[in-house]
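In what follows, structures are represented as structure tokens.
Each of the next two complexes has chain A plus one more chain, namely chain B in the first and chain C in the second.
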Partner chain A sequence: MTVALALPTRRVEEWKYSDLARALGDVGFGDDSAEVLAGPVPAGVEVFALDEPNRPDWVKAHYGKLSANVVSAISLAKARGGIALRIPKGKIIEDPVTLDFAGKGHVRALLVLEEGAALTLFERCDAAETRNAGLEIVVAPNARLDHVRISPVSGVVQVEEVSITLARDAFYHGHFANFGARLSRIELAITLDGEGAEAHLSGVSVLSGDAHADVTTHVTHAVGRTLSTQLFKKVVGGNGQAVYQGKVTVAHGADGADSRQTAKALLLGMRAEADLKPELEIFADDVKCAHGAAVGDLDSDSLFYLRARGIPEKEARHLLIHAFLEDALTDVTNADLREQVRGAVSTALDQVAT
Partner chain B sequence: MLDIKNLHVTVAGKEILRGLNLRVDAGQVHAIMGPNGSGKSTLSYVLAGRAGYEITEGSMTYNGENLAALPPEQRAAKGVFLAMQYPVEIPGVTTMMFLKSALNAQRRGRGESEMDAIGILKTVRKKAAALNISEDMLKRALNVGFSGGEKKRLEILQMSLFEPKLAILDETDSGLDIDALRLVAEGVNSLRAPERAMLVITHYQRLLDYIVPDRIHVLANGRIVAEGGKELALELEAKGYEQIVKDAA
Partner chain C sequence: MSSAALETKETVAGLGEKYKYGFVTDIEMERAPKGLSEDTVRYISAKKGEQEWMLEWRLAAFRRWLSMKEPNWARVRYPAIDYQNAYYYAAPKNTPLKQSLDEVDPKLLETYKKLGIPLHEQMALAGVAVDAVFDSVSVATTFKEKLNEAGVIFCPMSEAIRDYPELVKKYLGSVVPVTDNFFATLNSAVFSDGTFVYVPKGVRCPMELSTYFRINASETGQFERTIIVADEGSYVSYLEGCTAPKRDENQLHAAVVELVALDNAEIKYSTVQNWYPGDENGLGGIYNFVTKRGDCRGVRSKISWTQVETGSAITWKYPSCILRGDESVGEFYSIAIANNFQQADTGTKMIHLGKNTRSRIIAKGISAGKAQNTYRGLVSVYGKAENARNFTQCDSLLIGRDCGAHTVPYIESRNPSARIEHEATTSKIAEDQLFYCLQRGIAQEEAVALIVNGFCKEVLQQLPMEFAVEAQKLVGISLEGSVG
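Coming up: the complex of A and B.
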């Protein structure tokens, strides 16, 4: 069987703001396999290296099963390695487990949280090489996943698709801190597949120079009585480009679904760009959906107020930029990870000419 | 301390202040009254250094220094404080953290050492209690969701914390209930000192019962049109601005 593995062009609507073919150039993604390491793995958590033979049943049951976008289909076809993690039924893991993505090429990961399990996942990405990662996450009834991803500033192409399915009363909380790359894209495809399931997404981007960062989300409320929230904040300086495309689909019969999405960008340069595109697709009745997007500059009244209280202009601008990001930052539940995100944000802000 | 001579100020292409003269000496409290739209807030903003206010003629000198040449933060560090008619809401910055940043920024601006966080916290708590400002308000985002009166009390808390040399109060009494008015007036009076001057903008004679001014100025059409002692407020109350402006003409 041959699979069409052509890269999307900008003529494909979802890739309009991220010219992948051009960013990759003639070499494309290539055929290499990148790697991913998990650590520390607590007792009771099952780890399986995807390049090993004899996949256990839970891997067979879930690997490559969730819907994949075209780029994720490529990683599925080409990646020779990767990792699968299983958090067994009822297992609650307090300390974050880290996934480190490194190297060049394609890589896959699978995370299965069985019924009532709980985990905090911290995802880090080495910035040096072009990478296409595909991550599948299965959250069984009553399980809970807190997910934090930090992608540092990078000069290459870094693309990741995260596909998540949430069963009855499952809870997912994801935060995505993205500092841009030649082309950086995180795509989240989330299906709320059982009543009582919740997905909460937030993220911050701080971009300078020529950095590009695209967050594309597609949340599907497949059944009713499900909740999704999204809060994405972007600070863009220099020639930076921030993209947010957020589509929420409420399926036929998913009555009582509740969805909110907010995306805001602060442009700090004449050539900075933000493309914010929230979108709703509703096939059900009696749903609560709200979305909003705003692109702007720092508020001059606020700036004057702070300066009139003795705070010098540069410091006042910094304070207001941090304030702009604050609600998205406090959304990170784990205190240590929140501090890591804050640190990365401060470092990135130092690079933005304010 | 403050000497304003023939000040002309244009906002968005429109001349708002049209030859204003005003002198306030150290140790004095002056009041400015005047009809809506006469230019009172414009005067206070131009003294504090808000952008968009163009001085086309005249001068404003503060302790011998040309105020117009200083950015707002330096004016603040040198002791100019404006309690604003409409304090700004800033989500994402807690009130306490703002007070700390502002106080230390002013100290740095004067070349003084910063105050430690605990010291500031203690001082703020004490002063806040005197103004009936709760701990909870200090933890909330700056002015966000504060009632009109709470915002005004927070302005006075800042004044008492920063201990300015020249305090300009733009309608700080508007929106205050009677108890809050008394608290605010006590706050102002406790700062009266020989080295400090105050400019109190108000529409109400009532405030001037509590904060007795040395001098009252009436601002109309961008100029001071009448001046007098504290009895002028009573006369204004009785006659209204129209008559006073006519009498002065």
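Coming up: the complex of A and C.
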């Protein structure tokens, strides 16, 4: 089957800072299927391999329903494999469940949290191969998902779309640590579909060399009394390019929606680039929405303060950069995962000439 | 109080009605045949008595335009424009150049009176020289002598093309190239008139320059072309006010404004745009698709845009600054009010190319009724723009459940020493503020106008005095019927 879905170029506004067609070149994504492994799966959690026949009803009900963007449509069309997980009603899982994405090509995953369930999801990506992943997450009423994703430095193109829908009083926290690739893009499409639903996003990018990292979010407040927050911090060295595009939509009649959005970038390399586009789209009047964005160097006053206290410049800069990123790290609830992200950040910072 | 101030007050008092400027002056018009073709372009050029080079320039633009597509990225919706179903040139008949105001058709003067333009002696007191543009042809230019003394050229574009071809050749299309965008290219082909300002080296323009644009004849587009050049060390402040009479059809307005500031020069450009916004049901109104751009070409030059956008059914407008010269400064202060079915997509671009360049953006958007109001902006710092600074604040106010307010800022930085800050908020009028006013006996509508004026204060302050008063009143008028 041929799929007539063209890869976006920078002429497509949503892909202005990430020219996917160019990064992939003539070969495109190809037709391969990548794979995803879940582990360790606790008792009670249902796992279904998407390449098996006879999909259960819960897979049929949700698979392929949320995906929004063109790249995700391609993975839906081409991926032959993948995994679906179901956390049954009321099931609370303490230890993180890991999803490991590996291999070359397209891959899909589906995660369904039923009413009152709770899970911590740790997502890892193998850096070696070009990949287009699509992850759909359904969070039922009163369910809670803590999600941490680390994407390591990679020399190839890695793209993922995560689409999430949150029902009444559902809670989602996602943290996205991104250390860049030839072209790296994580796109989050989140719909707050029930009153009391909350989505909190945070993330850090530390880039060096020629790394590119694009975090694109689209949070839709479909109903009122919903809350979303976003905090993204980026440190860019070398010739790196950090991109943040965040769109918040408040639907007509979604009174009482509350949204805050912050994106900050620190440029450390003479040829480093940051592109920020925090976007608000508001169709209701009783809302509170704010966003802030800033790009710059380290604050010279803070630097002076530390140096005046006998801390050498290099060390002072190091401290301030860590402090700058720390803001976005503290939100990671699971202590082990938080340490893992911190470790990855430290390693990446060593590569950035500060 | 000076008589000018008194008149301003009276004028403003008279504004307390609905769309006051919805009248049509019945003057015989001379029109180009309907439709757009090379012949139309030739007709306009011939009517203007232009030289060959100008005609060629227009034709090149027209041929280019034929290959271009109308942009659709803005958040505005309108039925497709039939470019063949409009007049591209309309001029009041029999208008040889007038020597004095007495020669001007009294009906025209009557129109201006209704608009509240003090075209008579009061102008001296108001310190304003008005180059009133009435449907494409400038019919009266005042204070020429005083400006002549200072060496300032302030004349209709058609005159400048005739009398100062070298200057026009040098600057026309140098900021907004012919190929810039669909509407700018269209303008390049068919522009009928506009204003040309040249302030020579070291001259501080002795008065605020002002042009009033009006669209009068039905079904004609107004295609203004304005160029303001401030030579080294000069200063000029330019006011532009716009009103259009009430019409049911949508009228197209595609103007181009080019500003050039050379070393140490400063240009302040203020606009109050109050064109017919259409009625309560979204019928009629002006399509305002304007390209405005300033080029801070010289070191330490400064360009400041201030706009109050209350009119037009659709506004598509992004007054921008190219900060080319080292230490140049760009400013953008904007109030955009959209009520009923109005749609506004407006903002700015600040392109930092030179070292130590600074820019500041203050944008206030107000949406009421079923209107959609979008701020769309770009701050871009290029690699060589050491120590560039930008501060942006855009706030949106929503009045009513059915309107929309959108913010689309692009921030691009390629220099580590640059600092860019952006803040945006969206909210409705605070209940407690409204309650406070109501409790003190201020009627709801008045209270809303008061609060909105407070919300806009930072921008209103940037306007020249005469405009500020009118603008404040306009804010109130524009929001009539949006509450309660």
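Keep in mind that, in the parts below, the second predicted complex is superposed on the first by the 350 of 354 C-alpha atoms of A that agree within 3 Å, B and C clash if a C-alpha of one lies under 4 Å from a C-alpha of the other, contacts with A are read in each partner's own complex, and residues count from 1 in each chain.
Here, a contact is a pair of C-beta atoms (placed from the backbone, for glycine too) under 8 Å apart; a residue touches a chain by one contact, two chains touch by 3 or more.
Just so you know, these numbers come straight off a predicted model, no measurement behind them.
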item: When chain B and chain C are modelled together on chain A, clash or fit; value: fit
item: First, second, both or neither for A:110, with chain B first and chain C second; value: neither
item: Which superposed partner A:189 touches (first chain B, second chain C, both, neither); value: neither
item: Contacts of A:289 with chain B and chain C, given as first, second, both or neither; value: second
item: Touching partner for A:327 - first (chain B), second (chain C), both, neither; value: first
item: Vertex chain A; arms to chain B and chain C (CA centroids, nearest 10 degrees); value: 80
item: Chain B versus chain C as contact partner of A:166, first or second or both or neither; value: neither
item: Which partner reaches more residues of chain A (counting touched residues only), chain B or chain C; value: C
item: Where chain B and chain C come nearest after superposition, their Cα distance in Å; value: 15
item: Touching both chain C and chain B, counted on chain A across the two superposed complexes; value: none
item: Chain A to chain C touching residues, read off their complex; value: 13, 252-253, 255, 265, 267-297
item: In the complex, chain C residues that touch chain A; value: 73, 381, 383, 396, 398-428
item: Chain B to chain A touching residues, read off their complex; value: 48-51, 71-73, 75-77, 82, 84, 87-88, 90-93, 98, 101-103, 105-106, 109, 158, 162
item: Chain A - residues contacting chain B, complex; value: 299-302, 304-313, 315-316, 319-320, 322-327
